[in-house]
Each structure stands twice: as structure tokens, then as C-alpha cells.
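The first chain written gets the first letter, and so on, giving A, B, C and D; residue counts start at 1 in each chain.
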Amino acid sequence: MHDFVQHIINGISLGSIYALIALGYTMVYGILKMINFAHSDVYMIGAFAAYYVARWLGIEAQPGIASLLMLILVSMLACGFLGFLIERFAYRPLRKAPKLNILITAIGVSLFLQYSGQVVFGADPKVFPEVMTDYVLLTFGPVELRSFDLTVLGVSLVAMLCLEFLIKKTKVGRAMRAVSSNALVASMLGVNTDKIIAFTFVVGSSLAGVGSVLVGMKYPKIDPLMGMMIGLKAFVAAVLGGIGNIGGAVLGALIMGLSEEMVVAYLSSTYRDAFAFGILIVILIFKPAGLLGKYSVEKV
Amino acid sequence: MSAVLLEARNITMQFGGLKAVDSLQFQVKKGQLAGLIGPNGAGKTTVFNMLTGVYQPTHGEVFLDGQSLSGLRPYEISHLGITRTFQNIRLFKGLNVLENVLIAAHQHVQYGLLDTLLQTKRFKSSEQSLRSKVIDLLHIFNLEKKALEPASSLPYGEQRKLEIVRALATDPKIILLDEPAAGMNHSETHQLMETIAKIRSQFNLTVLLIEHDMKLVMGICENIAVLDHGVKIEEGAPSVIQNSAKVIEAYLGVEDEA
Amino acid sequence: MKRLLPILCVLFFLGACTKNTNEIVIGEYDSLTGSDATFGLSSNKGVRMAFDEINDAGGIKGKKISLITLDDQGKNEEAASATTRLITHNKVIAIIGGVASGRSKAAAPIAQAHKVPFVSPSSTNPDVTKAGDYIFRVCFIDPFQGLVMAKFARENLNLKKVAILRDVKNDYSVGLSNVFKREFADRGGQIVADLSYQAGDIDFKAQLTEIRSKSPDGIYIPGYYTEVGLIAQQARQLGIKAPLMGGDGWDSDKLSEIGKQAIDGNYYSNHYTTESADPAVTEFIKKFKAKYNETPDALAALGYDAARILAQAIERAPDLSGKAIRDELAKTKDFPGVTGKITLNENRDAVKSAVIIQVEGKNRKFITTINP
Amino acid sequence: MGFLKRPFLAFLALAALGLIVNFGFNAYIQLIVLFILVNCLLSMSLNLVNGYTGQFSLGHAGFMAIGAYFTAFTSSKIHFLPDSLQLLEFFVFIFGAGLAAALAGFIVGLPSLRLKGDYLAIVTLGFGEIIRVALLNMDFLGGPRGYSGIPSFGPFMVSFLFASVWILICFFTIWRIVHSSHGRGFLSVREDEIAAEAMGINTTEMKVKAFVLSSFFAGVAGGLFAHFTAFISPSSFTFLQSVNAVIMVVLGGMGSMTGAIVAAVLITALPELLRPLQDLTGIDLRMVIYSLALILMMILRPQGLFGGYELTDLWRKYVRRSA
């Protein structure tokens, strides 16, 4: 029984990591209807930005909440700026191009970041500085709840709520929704679509920055290809929850984390990834827009 | 002349909480030229979508020649003999005029995949006859000279005509025309109406058309149903419709809104 | 694009024209980019250092060695095309292979077909050298290393119940696990769990929680240090106190940097020990640190030995033909390598003893030597 | 036998090309040429789904893997014809590889082709990954150790001609279908599914047909790949390989057969052409350049090299203009 509880904790903890990254995918998709394949590599760049700044400032010597916040800020800025550049130079020229072209450009950007990362940072893994110490919050027999697990979950939930607020309640959010439903009409109504789309990218990317520092703190190993696997999983989670839906991304991510955990625990660890995709396929076949996504009826 | 070809029995379409069409009942007789009119947003296109299987009615059933169409996919309904045009033109824009019409004739193609791969006589001769049949159809609307031009390059009026040609190529029993005269000027409309009457007799067709503009329909339709807010408010010969208080009210009400 | 193409074509043929008869051209392919790049680059550093040293000392047969390294991006088919390019385009007289056994299996048959000697530094799969009599290697093969740890776990640590955690994407890890599983059971031990992860994963708590529920005396994790460090941390977080064991894939400074205290006290099998008084080893480590500013890992050491064994065979060979070099390679006996005394047996595999190392912070404590 | 006339002429032309490569170039170039042929098959077959039918598949590597493993297993284990007819035997196995992949395509396609656009892309990606993970876990196929000892065709010329036959089968099958009523059905699905249905096209059937046929040739490509490399492992069939196939289709111009071929040649040759660059820079920048070229290409020429036209169309245009 206590193993089961431990598995639940592990699964939620893993799921909240996916959630942080899934939010970025879903945000960009929700407004632009494009899969930003480069998101996971922006996340990687964020981790390296934090790594180098931490080393430069010698932050490892003084762990604590202030250092953590500082690194998160650095990483958010780096990722946001990178997101801005990517949107401006790679995606904007393709705004009206067919979807497949945009997807391939996104893959191109992703490969570019991965491989130039290997050239610039080196291919060997780097050890992320210990910004905070992980400690046990609660114990029930052998079951433990650790502070990092709770932090990551908390941050992803807060990020989710902030995004919901941003999109639903603010003026910028209203403009974002307008661009999402019809960019042309929105621009005729005086919304600066270019600005709004750039803003969306900056916000989505800086979320990746938050994620990268938290993940780096919890799993202190970073390398130029670190985004590949986790990015794919997070993306699948976003689709699972209904891509474009903020709450759906978090829900999908938690389901992914838990189901991966349970598959390893009770079915077969070797088929874990196959199961993850299997669940996705089954859900999409029965609920084509994902769990919380709305399936739009095409107007004839 | 009197047999019923198409019948809608109490069909209802509900989108979420909104009833776009409510218990609609009507019949179209074989060979008839019928009209479905109503102000904007009355649910006319939704009716077409239910008749052609794009939407499955929430309640009720559609019958063609006494056969129920419920559960059938649009292509199956097309095979049974209902064809249509679209209000907001849905041509295959990337293809040329000829290809657009050839696609609609696919269901009558006589050769299989093997004939295609081995380029058999049957393949060549039936492609040949298919093409000449399609050229003949294009001829009716004077489009044969543009057969190899991309469909998207045609002027608006010709695109509408091409949609009709395409629909005819399925060899239908009944053709549903969704605002065929939209965007045309008076003389073009007049000409179109004449062509519609002509193809009806030439192909022994039944026609059901939607028109927003009441006056146009009056001239050629033999039976007219009027829809408002998803409910049929009147049905009958043009003379009946013209004098119906309900119809006038519905149309006037709309003009106020506009 | 159109204008670029002719330029590329010129570049393409340029490589072949720069040959110099006063040089001995040796080819190497490895994963310099892609997901295995960190291992490939390590191996490449060892190889480069060996040839630089030899060149500084006057070269072989009075000629300098020119090393051409091509990238395989971690793809089998790239390894095949790179090897073919090295042989037919760059006209190399011998090839040093890459890390992964998969790539070696794609490349070795090509070298064999062209009768170009091929030395693999670190492809441990037994099948690699079966491609033919021109294919050699200087590392252990999976059965030996798996056996070494099974023996040590059963006889020295006296463990009874062991769990296995393998990297299912990595043939090396799967190979070692399979052998360990068989050998440990043959010696009366019990395998209580056999779970897997995939290289690139960062969270292993699901597997570890499952392993914890079986309360094993030890866990065998024959993966690479890139993941093992994290695994160790998470295992300790879950309160697993049983010793962890692994293979030479653990051998890197990064292991303790990532794993921190969690990795201390655990064991792995390796080719050599840094505590060794053998001057070959201490010298190598010193020079490597000076050159690259990092401690060499096992892959670098193997690359270094592969290059030196090849160079010695070339030096001994009467001429530079593939056959002559091959024959001399086959005669390699008791070569004083960094990774042990290397003798190539009739299967062209290295026969050498293994050592068991215990991690102690930055230090690697020598525990015992196990002979083949 | 009139239907064989053009393929036969094309075969002669390819054979002549093969002879030039055989005698004029070294084994390295020859190997690249063989890889080009494999990629031509991949891009032509994916073009049927992505280019002509407008469906978005990211799982092509999975079908290729099935074909490759089928060929590897059968050709190294089964021997039912005399040695002199071994090539015929290989042909049968590769046909079987195509069928196996086609069956997988059917199983994958039937449920997932209801989905559209990005969703379909993700589901096919998922299936590709599932196939790869399954291969990692199948011990009789070698798992991560891969499968070696796949018999080769022998000399380059034999390999080249054998692959050429398949290229021509693939090319003419797809070309003829696309220029028939069935192919127009595929096109109608790409252009407008709702209108296609209304015109009596069974869009599901069209999509599944295109998908199955495409998987068949991906399987064949996998089979040839297995023979050419003599060793395969799951790492050859990753998501990136599927992406590569999509890139070839888009680069060539969606729905252009000749474009798909030219793109396959470019995409296969480019990384090799860039190899000497490493001598100048010291580090391998190939993928960096490759990815940059990809982005620039998409921005500067989004319709691809041929933009849906065939080489023959462009030729006609040119002749007309100059006449």
C-alpha cells in the first residue's frame, strides 16, 4: 500500500514537471494553432543560461530562495528573448504559409538549437548548481514527500492560474483570444497582431525558463539534448489534455506522469513509452480534441 | 409527377442549447423545382447539411425514394442520388476545372486499380468517355474553354456555375442548390434561372434551391417552404407565399435588424 | 542554394587532393554530434592524444600520422558511409571505430570487405569482431564484464538478492545485464527485479520504488554515468541503502559531480584504477589533464590504447598494406596499455583483467582485480 | 505489354546512370547513391499521403522499420529457391516487407485517419515510437543490439538495378494512380474533404488507400535499406528519420513526384557534401548548417523547389517560352 502512495507522489511530481513545459506548448498552440517544436530547446537554452550565470556569480556558494528566484528570472529573460527572436525571424515570415511549412521550420529551429548547443556548450552533461537543498517535508513510514516535489507542483499550478488570468481577464488576453479566433478581424479591430503574437511567444518561452531552472534543481544534469525527450512527453501531455487549453495541459501532464509511473510499477518498464503514446492514441480516437479541448464543428 | 422523391420527417438539429432547425417537415416531389427560403440565419443551410449527411439530425429522419438516410455518410447519400452546391463555394481550388468535375464523376468510373496500373484498354477508353462526358457538361455553362484553368482563377459567377456542373456530374436524382445566384447581378441571375430550368428538363432532375431573395424564387419555383428561426412558417405555391402575413412579417423583421 | 552547390562540390573533392606521401593516414569515425556525442568526443580525445604524442616523438616509420575523424551523428548508416568514405576517398590504411557497438556492426563489415584493419576502442558486443579477421577491439566484451560483477557481487559482497536496472536503448547495458543475470543466478544468487529505463530519462523513481518493494541487497545498473548519477540520488532519496553496481560506463568525473554523496560507496568494474602505481596510468592521467583540462574517463583511456596498439602494429609491420598491419595487430601480446595489459586473442578480442572500483567522492578506491 | 514501355525506357536510362556510377566513382559515392535510392522511395511514398492526399503523417520511419526487420529476418533465415535465383527470393521478401508495412499502415490508418492536421501528425508519431519501442524489446530481432548478418546483393551494380526496379514500380504505380480517377479522389480529399464527400468520394477509403500504399513503399524502402547496410537497429528508425521524410516532401514541393526525387537526392547528399567543411572548421557543423538551410528554404521558397509542378511541366513551360 505505501508503495502505491509513493507511486502516486512520484507520478504527480513527474507530471508537474511535464506540466510546466506543456503550458508553453499549449499557450502558443492556443493562440497560433502551431506546434512550436523548438519549445523544448528553448527550455534547454534556459537551463544553460541559468547554469552559466550561476557559475559566473558564484551562486552555488550561497544557496537559498533568493538565488533560486534570481536564476528563474535570468532563465525567463533568456528564454523570453530567445522566443522573441525565433518568432521574429523564423515564424513571422511564414505566418500565411501552409501548416506543414511552419512545422518544418519549427523542427529546423529545434535542430539548430540542439546542434549549435552541442557546439557552443559542448556535448557532455553539465552539473546544475545546487541552488537550494531538497528536504523531506512529510513522512509516513517509508513514504516521503519532498520539498522539491511540492515546489514544482505548486509552481506549475500557479503558472496555470496566472496564464488563465492573463488570457481570460486582462486586456492583452482579450486581444490574444481575438487573434486566436480570427487574426484578420482582430487586426481590423485595431489589435496589433504582430505584437500580440510576439508577446504570446515571449510568455510561452519564459515559462520554459521557469521549468528549466526547477528541473535543473531537481535533476541536476543538463545537456544540449535534454529537451528532446521531456519536450516530446510534455507535448503529448498537452495534446492529451486538449491542446490550446491551459487547464488541459496540466491535467494531461499529470495523467501522463501518473500513467508512466503506474505502467512502470505494475505493467512493464520496458514498454513505458509505448504505453504513454498508446494512451494518447486511444484518447484522441475517442475524443479527437483531447480531454478538455473543444471539438469545433466545421462550418459548411 | 406526383411521387414523393425527398421527404424530411420532423428533422431537428440542435447545437448545444440552440435549436437551429426545429421539427421540420416537408416533401419534394419527383421532377419538382422547389424552393426553401427564409431570412438570414433561418437554418436553411443546416437543412441542406442534414439532407446530405454532413450533419446527422438530432431527431427525425430523411427519406429518399422511401429509403431512410439516417446513419449514412455524405458520400453514400451522394451515391443514392442527392447532390448539392455550397453557399460559400467549395471548389477544389488547387485543381483545374476539368479535374473538379471529373472527381464528381468518380462514382461512375468503370475501371479498377489494376486497370490503372496496367493502363488497360478499359482504363483508356473509360477515361476518354469520362472526359468527353464532362466536357459536354461544361459546355452547358460555356465553361469548356476553361477546362484546363485552375478553378480558383475563374470569376466568381463562373465558380458558382462550375459547382453546379460538378454536382451534375454525380448523375443525381435531385440537386440541392445553396444560393446559386448569390453575388450575381440581375441579368446574370435571370440567365442562371433559365439554365436551371433547362437542366431540370434535360436531365430529368428534381431541384431544391435555397434563396435568400424571395422575388427570385417566385419566378421559377413550383413549391416553396419558408423557414424562420429554424421553424417552417409557411409552405405552398408562390402565390400562397406572396400573400402570407407570416412570411411578410418574418422578412420585415429581419430588415429591421439589418 | 543553386550557387552554393558547385562550391560544395569543389569542397567535396578537395579532401582527396590534400594527401601527402610523407604521412600515414588513419581514419576514425565517431559520434561527434547527436545524442551519443559526449561518449564519442571522449573516445576521440584519447585517440587524438595518442597520435599527437607519437607524432611528437617522431611518428611511425619516420612518417607523421595524419588522423581524419568523421562524424557519424550517432546513426548506423552514417557510420557506414563515413567508413566507406575514409577507405575509398581518404585512402586511410586503418580505421579506429567509435564507441557504440551498433555503429561498429554497420562499419566493420565494410572495413573487412576492403581489407582495412579496424580497431574498435570500446564496442563491447561480442558480435562486433565476428565481422571478420580485420576487426579488432581493445576493450572487454559484455560477457566478461557481466561475469566480473556477478562474481564480485556474489563472492566478495556476498549478496543474495539483486535487482537489475538496465538502459533498454543501449545494447551495452542490455548485454551486461543479460550476462550478469545468468551468471549471478548460476552462482546461487537471486534476481528479484529486472527493470529498465531509456537513456535521456531523468526520473527513475517509478523503477526505484518498485525495486525498493523487493528489498534487494544490491542493484546492478550497467548504464552510463549520464544517468547513473541521477539514479543514485533518487535511490538514496527513496531510502534504498543497498549498494549500487555498474560497469565501465560509470567511469567519469561527472558521475560524482551529478550523483554527489549519493554515489559514494558504490562499485563498478573498470579497466584500470587511478590509484595504480603503474607509470603508464599516472602519466596518461597527468598528460590528459594538462591537454584537455579534465580527468579522462574509461572511453578516453580505451581510445588512447586503441590508437597506440594500432600505431605499434603499423610500426612493426614490414609495409603499410592492410594485410601486414592486420597480421601485426593479431600478434599484439601483453601490450602495456592504460587499461591493462592487453593481449588480443584468436577472436581478436582483448584479454585483460578487470578491476573493481569503489566510488569515494572524487577518488576511485581500488578494491580488487578479477582475472579472466 | 504496352504498359511496360515507359518503365522499360526509364529502366534503361537508370541502368546507364548506374554504369556511370559503377565505373566512374568509388565505393563511397556508390553507397551514397544507394542511400539516395532508398530516400527516393521514402519521399515518393510519403508524398502520396502528405502531398497528394493532404494528410499529415509523422510515422513513416515506423513503417520503414517494419519493412527493414521483415526483410532482415526472412532473408537471413528462409531460403526456398536455388542459389541462382536468390535475387528473385530477395524480391519476394521485399514484396513481403511491403505487405507487412502495408498491413501495419492499415491498422494504424483506419482509426487515426479520422483525425485531422496536427492531431493526425501526433498520432502517427506515436505509432512510429510504439513500433520502435516494440523493436527495442523484441529479443529475437536483437533488441537494441540490432540485427546483423543481412545478406547483401553483392556488387554495386546488382544493388543499384534491384533498387531501380523498385523505384520504377513505386514511381509508375503512384504516377498512374495519381493520374487516374482514384488519384483525383486523393486530391479531392486534400483540397476539401466536405466537398469531396458531397461529390460521392468516400474520403475515409481514399485516405486509408493512400496510407496503405504509402506504407507499402516505405516498407520496401526499409527492406532495401536493410540489404544495403547489412545491419539494422531500432536507432535507425527514430522520429528524426520520419521528420527527414517529411522534409524531403516539403522541400520537393507537395504533390510533385519529381520534386520528391530531387529533394531526396539533395537531402541525402547535402550532409555528405558538407563533410569536408569539418576540415576547415575543426568541429562538425553539418547539422547546424543543415537546420539553417531548412529554415531559410521554408522562408524563401515555402512552396518547395517544384511547388506542386513536375519536372515535365517546367520543361514544357520552358520549351514553350523559348519556341
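Keep this in mind: a residue touches a chain if its C-beta (ideal position, glycine included) is under 8 Å from a C-beta of that chain, and two chains touch if they have at least 3 such contacts.
Everything quoted here is computed from the prediction, not taken from an experiment.
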Identifier of the chain whose CA centre is least distant from the whole-structure CA centre: D
Chain whose mean Cα position lies farthest from subunit D: B
Centroid distance [mean C-alpha coordinates] between subunit B and subunit A, Å: 48
Between subunit D and subunit B, distance of the C-alpha-averaged centres to the nearest whole Å: 42
Whole-Å gap between the CA centroids of subunit C and subunit D: 35
Centre-to-centre distance between subunit C and subunit B (centres being mean Cα positions), rounded to whole Å: 72
Numbers and ranges of subunit A residues touching at least 2 other chains: 115, 270, 273, 300
For subunit D, residues that touch 2 or more chains besides their own: 136-137, 194, 283, 287
Subunit C: positions in contact with at least two other chains: 32-33, 168
Subunit C-facing residues of subunit A, complex: 3, 6-7, 10-11, 13-14, 17, 115, 118, 122-125, 127, 134, 142, 144, 146, 215, 219-221, 223, 225-226, 228-230, 260-261, 264-265, 269-270, 272-273
Subunit B to subunit D touching residues, read off their complex: 52-54, 73-76, 78-79, 83-84, 86, 90-95, 99, 102-107, 109, 111, 113, 116-120, 123, 127, 130, 166-167, 169-170
Residues of subunit D touching subunit B in the complex: 2-3, 172-173, 176-177, 180-182, 184-185, 187-188, 190-192, 194-204, 308
List of subunit D residues in touch with subunit A within their complex: 50, 56, 111-112, 114-115, 117-119, 121-123, 125-127, 129-130, 133-134, 136-137, 194, 239, 243, 246-247, 250, 254, 283, 285, 287-288, 290-292, 294-295, 298-299, 302
Contact footprint of subunit C on subunit D as seen in their complex: 26-28, 31-32, 35, 136-137, 143-146, 148, 225, 229-236, 270-279, 283-284, 286-287, 293, 297
